[in-house]
Every structure is written in C-alpha cells, then in structure tokens.
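One chain, chain A, appears in both complexes that follow, with chain B as partner in the first and chain C in the second.
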Partner chain A sequence: MTKEFKRPDGRKVDELRPMTAKVGVVPNADGSAMFSFGDTIAIAAVYGPKKMHPQHKQNPEKGTLRCNYNMISFSVNDRIRPGQSRRSMEISEITKWALEPVLMIDNYPNMVVDVHINILQANASTRCAGINAAAIALAHAGISMKNMVSSVSIGKLDKQLVVDVDKKEEDWEEGEGATDIPITMTGDDKITHLQLDGKIVTKQLKEAIELARKSCKEIYEVQKKALKESLSEGEK
Partner chain B sequence: MDKVLTTPDITRERIKRYLSEGKRFDNRKPEEFRELIIEPGISKNAEGSARVKLGKTEVLVGIKMNTSEPYPDSPDKGNLMVTTELLPLSSPRFEAGPPRIESIELGRLIDRAIRESKLIELEKLCIKKGEKVWTVFIDIYSINDDGNLLDAAGIGAIAALKNTKIPKYDEKNETVLYEESSGKNIPLSKSIPISITAHKIGDNIIIDPTREEEDISETRVTIGCTNGVVSSMQKGNSKELTIKEMEKILDLVEKIEKEISLKINKPLK
Partner chain C sequence: MTKDNQRKIVIPGEVIVKGDNYLPGEGTEKKGEEIVSIKYGLSEEQNRLIKVIPLSGVYQPRRGNVVIGKVGNITFNGWVIDISAPESAFLSLMEVPKYVNKDGLDEVMDFGDMVIAKIWSINKRGIDLSIKSRGLGKIDEGIIVKINPNKVPRVIGKEGSMVKLIKDETKCNITIGQNGLIWIRGDKIDDELFAKKAILFVTEKSYISGLTEEVKKWFEKEKK
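So, the complex of A and B:
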C-alpha cells in the first residue's frame, strides 16, 4: 500500500517540495528572510527590540513578541480582501506561540519585538512557511534565541501520511479525505505548535509526529545554511 | 536598536546644502532616477504581476480579475479598483490597521493615472450589458520603503497590466475558472501612461527622492502623462509653487517619461 501511493505531483511520501531560504530581503528591517516550499512563498521582517508604546503595555519583567500574518491579495486564485481576517488573526497568534519558546524574551523588559509575515504566493502550508521565515528573520535580527524552530505540515490523504501538503493534497477527497497536521519543532525535537483538522487514530498521529521530526531536521539545515550565507556576505 | 522614525535635522540641513550645489548623497543629478529593475510575471496565482525595485525601494503589484455587476453610470464598462497596502513589514513607520491617508492617496493617484489615460479599454471588459462585467483589481504592496513608493507603484501597475491574461469565464455556471486562461491579454490601448512625481526642496526640483529626501520635500507634483500629454495631475503638501517652478517640472517630467517608458517596455520583450 505504502509503495503504491501516488502523490499528485509525483513526490515520495516523505519528500518535501524544493525549499529556498534567503536572508535580508527587507533592507529596512532589523532582520528579514524569505522561505519557500515549492510555490508557497513567505517573507518575514523583524523590527526591534524597541520600546513598547503605549507605555502602559510595557512589561517590566520580560519583552513582548508580536506577530502579524497576512496573505497578500493576489497570493491565491480568489482574490483576498486586503486587511485582517479571523483566519489571519488566529494564525498570527499561533505563530507567536510557535516562536516564543525559543526566544529569550526575558532579555528585553519593556521592549517589543514585531514580526511581520506576508505570504506572497500560496500553494498550501503557508503558516509553516511563514514560521520558518520568521525564525530565520529573528535570528538575523540578532534576537537572543535558545534554538531554531522549523515547521512542516503533515497530511493524511485517505490512509497515507505525507509531508509538506500542497493545495491539491489539501483538497484530497478520495477515501478518508485529507487530514492536515501542521507541526513546529525546535532544533532539539520539542513541539511548539501543533494543529489538526480531519481525523486520525492516535497510533498514526504518533507516526505523523515522527515524520514531522525528520522533516524539520531537513528544514533546519536549509534555515541554517541561509543564515550562514548571510554572514559570509557581510564579511565581504 | 530603536529606528529613527524621521530624518534628523542635521541630515536635513546637509541634504539642502548639497542640493544647493546640485549634488545628492548618492551622486545622482537632481533629475536622475535610481537604478530601476522591473521583474514582470512574479506571481503564479495573479492574472498579471510585477516586482519593481527603485534603488532599495521595492513594491509588488498584482492584478486579479473577477466578474461583478457594472456601476449604474457605466453599464457596459468593466470596473477598475486600485488598492495599496503599505505593509508594516516594509518600514518601521507603517503600522497595521485600517488604511491611512498615505496609502489611500497613493492608490487613488495610480487609479487616476490609469483611468484618465484610458489605458485599460474598459468597454471591452463587458460580459453582458447592465448585468456582468469584469472588475480589474490592481493591488499594490510595499516590500521596502526607501522613498518614492509612488512612482515605483505606478511603474509596477503598468508593468503588471502588460502581462495580464484574462482568466476563462464559464458562462453557463457564471464562474471564473482561474486555473484556465482564456489566452487573451487584458485590452490595453497603445499609449502607456507613466506617473512621475517631482519634489521641491528649497529652490530645487528633484525626482525619485530617497526616504531622507522625501522627508524634507516641501511639496510634490505627481503627473501622469503619455507622450507628453498630461492626463492626471495632483499637487501634494502645503508649500506653494511658482509658475516658473511648475513649468520646470513639466519640462522635466516630459523628458523623464521617455526614459521610463523605454525601460517599462524593455523587460517584457
């Protein structure tokens, strides 16, 4: 069964789409990065740490992380109305939770770090691409971090688990349909973000988490490489 | 790491002093553009798109099309809508939230440059008179603001329109099939309008200001023109202009329009 499964774009079940990562795509920002899974392209910019305004929002014990996820109107076929939606607000919050555990935010009392994520082109897994870009951008901005985070969406198409779900797979209707499981993990295999839509038995969900762990390792290497390249450019 | 949200006085003074000798920080002449890079067709899900870089300033423009009812006063014409989002990602000065006057004015200026020049042949975008027409959305996003987003956006809108393909329309089900192209280009007239903004700083008129220069611009004039014919114009900010200065701006814009339109036509061929 496993060997016969054909993905719409011919990938192996544990094969990610080609990934690219680039640091410094927004010169104005303190840190910035682009990350893509195939046709899904996210850019992220970090501004800060800077003084939190208004003053009553300042936290003297630790800094504040703010995330803002936004899809640009022509990133998908059906134009999205510009501005915030309930979906984008939720993903912004999820992104914050995914990133915060690796940030040493205690180092920045009364300060705020703003992370702006924009999806330039979407072919599913946009929140994962956004988190990956944001993690690189935070490191590029020099924010103290304990580790990196990497994010991937695991899918269950009918009964088969696959990594890095694309649009066609997201809309899978055969058999048991599609279950979408975006997962974010730290470099030392801790889960900072996990969502699920669909249905899956716990045994298989454990397999899905193991698949995510392996994929995140691959993503981590891409993120690390982009950061290293930006350093060598700086020395030139 | 707090970013300065405005240009400090000492820099303002120095820019003015340089300009009085006809010089700019980046060695440009007052009427010289920065390096202009146009990358057409950068988005797979848009009907047309372009990335424009003017020095460090960068904008993305995407064209989306959908069907809707025509406006009562133009029952046989397609609709045009231009929106601009000054993304907080692109500058520490931009904040999330409802659009502010800067982004509204920018969108409206581009809208008028395109509408008044009759670049898009809207009468050819009618599907059924009085009932169904195409709406063309021109969406502009700032990626990095280092001044003159206005001209970058205008150039981007034109470049994106030039590679716009109309999606297929399924008349039976009254739906747009975005996956299939009709193979038809959006109907454009031959004369391409260019929108250029001139700024007055002291007694000097400059083009394509950087962020710092734009901060000390006292007044600006945005002119949309095609082969020397002006079809839209707007003066921004309070400072007055002499007739002499206005004439100088018109001459300047006519000259620059030719250079820019050559560049817009180049990368697409």
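So, the complex of A and C:
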C-alpha cells in the first residue's frame, strides 16, 4: 500500500478530522452531549430512565432503549424534508444495536431510556458522530454502562483504506469507487456494530477493523476528556 | 487511586483499582482482577470498599431515603405519591395512625398536598412509603424549593454542617428530601425566602471546596 495516496482534504490515510465533544448541552435533558468530526455535528439528548408509557409496552424483565436519529432540514446543502424517513429509521435502529450491548438495561425493568440524536450539520459519518454523542450523553444521564462506545467510519476509496470519510470521499468515483464501513467499538476493543455495503476482500476488512481499533482509541480519549472536564470546569 | 482516600472522576468502563485487596461497591463491578466503574461520577474508597457516586442524572430512590412528594392519585387503600423518580411511590392507608373512613381519604391528604415520607421498601411492584416516624407526614405550611437531586449532599454538608448553618442563620426549620425537594418553615415569610436564597447559593457554588466557609461569609455580607 502506498503512503502517497492523496485525500481530497490532504489528510493522512489514518488521520481523523479534528474532533470536539461537549457535555451538558441540553439543560432540560437528563443527560446530553455534542460530538463533532470536522463539519459533522451531532447532538444527543437522553431522557430517563422513566416509566414506560403506554403500560402494555413495559417489560418487567429488562428496560427498553429507544433511539431516534434525525437530520435537521438545514444540515445538508439541499434542504431535506423534515421528519422520519426510511434512512433515519434505519439509522435509529442501528444506533440502538450499537449502544445496547454496553448498557446495563436489565437494571431498569418496566422503564425506558430515550435517546434523541439530532444532526445539526452533516458532512458524512453522521451516524458515527451520533453514536459517539449518544454514548457520552448516556454516561452523563447516570445510566449504568459496562463501557463507553466509540464509532468511526472506515472508507475504501478505490483500493485504499481511509479513516473518517467525509462527503467528498463518500462520492469517490475513480477505480472501484467508494465503500463506507461504519464500525463501533467498546473501550476494550470489542465490536458492537459493523456495517458494510459494498465490496471488500476479507483480508482488507481485517485491516479496516485494525484501523478502526486505532481510531476508536483516539475517539475514546476525546469522549473521556469531555466527561472528565465537564465536572472540573467549575473548580477553576 | 492513591492511598489518601483521594476522590477522582471516573467514566463507565474505567478501571478504578487493580488487585484482590478491594471490594466492589455501588456503581462498580468486578471484572477479573480489576474493579471497573459502571457509572459516571466520583470514585471513593472506604475500608477497601470502592464505590462510585453519580453526579448527574435522575434521582434513584434508595431504601431509607427521606423524600418529599406530591399526592398524585388516591386509591381505595392509600395514596400514589409523585416523588420525581422514575417510578411513583405508594403510601398505604395503614400508615395513618387514626381511623379513616374509606370514602374520606381525601380529608387526610388531598390531590396536590405535599408529604414528607421515608422509603420503606423497594420491590418489583414499586416503592412503598412510610410516615410512621417523627418529622414525617403531611406538610401544612412553609415553602418548597426544588433543586437538582445530585446537589443534595452539598446542601446537607459534612455531617449536616451546611444545613445546620443555614438553619441557625435563618432561624428556619429545614427538611431536605433526597429527591431534591426541600421544605422550609420559618416564623416569617422573609426568613423562609432568605433560607431559599441561601440554598440556591449553595447549589450554584456546589463545586467549591470549603463551601461552608464560603456560605458563612455570604451570610455575613447578606445580613448587613
């Protein structure tokens, strides 16, 4: 693999866009956070645990996690129709699957935890930014978790693997074109979510997971720093 | 964690201590040799027991907590009390020491009445309250202040030092519910409002260390 591969924005193949994370951005929520990869900004708000309503949906064995992913109409260049779409419903479900393995949801029988993710500005990798924000927000809401989760998208542009895909790379057309692989990992390197639509050889997928492992470490540090600093902020 | 009982901020999944010398307490989990946090908050060590105190999120009821709640519903054998927790609590008719007519539950406590109660048990069916101790029961006068339940320990202070200071300075009677509701009862309305102001000052400055001293200074300034 050649190191001279040129990315449209001049990043190295394993370089993430600059990340920021902030805790407690929604005062009315029980927990909230903002996470951004460059121009992609996601806000997550967590409500609960609270009693599940309607009552017939209550599960006395374990709690329920509900996720809602939404792109705000002005988040992309062409205004999108506000409200649910096939895509947003799918991503909501994916987010739920990515988060559920780390949540100790059995501690909250008959209850529900609501996670609302809003994308303020999109430049690809929105679901990853959403999952990262949601993980911070869930911790902030004081919910029992086995670990944090961090999410990153690995791209295959023609034959080259890159980390944290942006919009220009997502629309890559040379050679084999672009394949996007969003991967979510826990703080101890276990995969909770991996999506792949496109073609990739097994060997390269393994390489992609290795790349994601390294990037998730970096993201984890950003999340950890945000959570730790939000408490000591006032102590200055 | 250092030996001098230092508190530190931990996040879920973070290893607090290693080795068999420690026991996992509330908010922690044992994973092999390590004690791992499952909550976001402050970790603390007491007699080799490690626990994590959450600093954000909704109020989690515990057995023995004194809470202040509002009557939300009346059933044939008791009252449903809203204690601003994930689950509503139940106060049985049996807790009232006098005879109550089955149609007259609202004469003892009506919708919207505030009540101080102790959490007597938490089971799968819900939370049961008791008013059979001193200082518990229906609230008739005074004012209620609502604060963030995570700041309750700061308002109480070490061994009740903060609340004692506020009580002495304002000459008010103060009862703090663990769910973040505080009942203030004084001789004059002005005293009650002064106590409320003091409590809100404490919650605002809750991150300062040596807060009791700070509040003493605040009282001196305010009284001039």
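Miscellaneous remarks
Please note the rule applied: the second predicted complex is superposed on the first by the 231 of 236 C-alpha atoms of A that agree within 3 Å, B and C clash if a C-alpha of one lies under 4 Å from a C-alpha of the other, contacts with A are read in each partner's own complex, and residues count from 1 in each chain.
Criterion: a residue touches a chain if its C-beta (ideal position, glycine included) is under 8 Å from a C-beta of that chain, and two chains touch if they have at least 3 such contacts.
This one's a predicted model, so the numbers in the text were calculated from it and none came from an experiment.
In the overlay built on the shared chain, the residue A:Lys22 is in contact with neither chain B nor chain C.
Once the two complexes are laid over each other on the shared chain, residue contacts for A:Asp39 go to chain B alone; chain C is not touched. By the touch criterion stated above, A:Asp30 is placed in contact with chain B and with chain C alike. Of the two partner chains placed by the overlay, only chain C lies in contact with A:Leu231; chain B stays clear of it.
When both complexes are overlaid on chain A, the residue A:Ser75 reaches chain B alone and has no touch with chain C. Looking at the shared chain after the overlay, A:Lys51 reaches both chain B and chain C.
After overlaying the two complexes on the shared chain, residue contacts for A:Met145 are found with chain C alone; chain B is out of touch. In the superposition on chain A, A:Thr186 contacts chain C only, with no contact to chain B.
Shared interface residues of chain A, touching chain B in one complex and chain C in the other, are 30, 48-51. Of all the residues in chain B, the ones that touch chain A in their complex are 1-3, 43-46, 49, 56, 60, 62-64, 66, 83, 85, 87-92, 96, 98-99, 137, 139, 141, 143-146, 178-179.
Of all residues in chain C, those touching chain A in their complex are 9, 11-14, 27, 29, 36, 38-41, 54-58, 60, 86-88, 124, 207-209.
The touching residues of chain A, when paired with chain C in their complex, are 24, 30-31, 48-51, 60, 102, 104, 108-111, 139-148, 186-188, 223-224, 227-228, 231-232, 234-235.
Per the touch definition, chain A reaches chain B in the complex via residues 25-30, 32, 39, 43-45, 47-51, 68, 70, 72-79, 82-84, 114, 116-118, 120-123.
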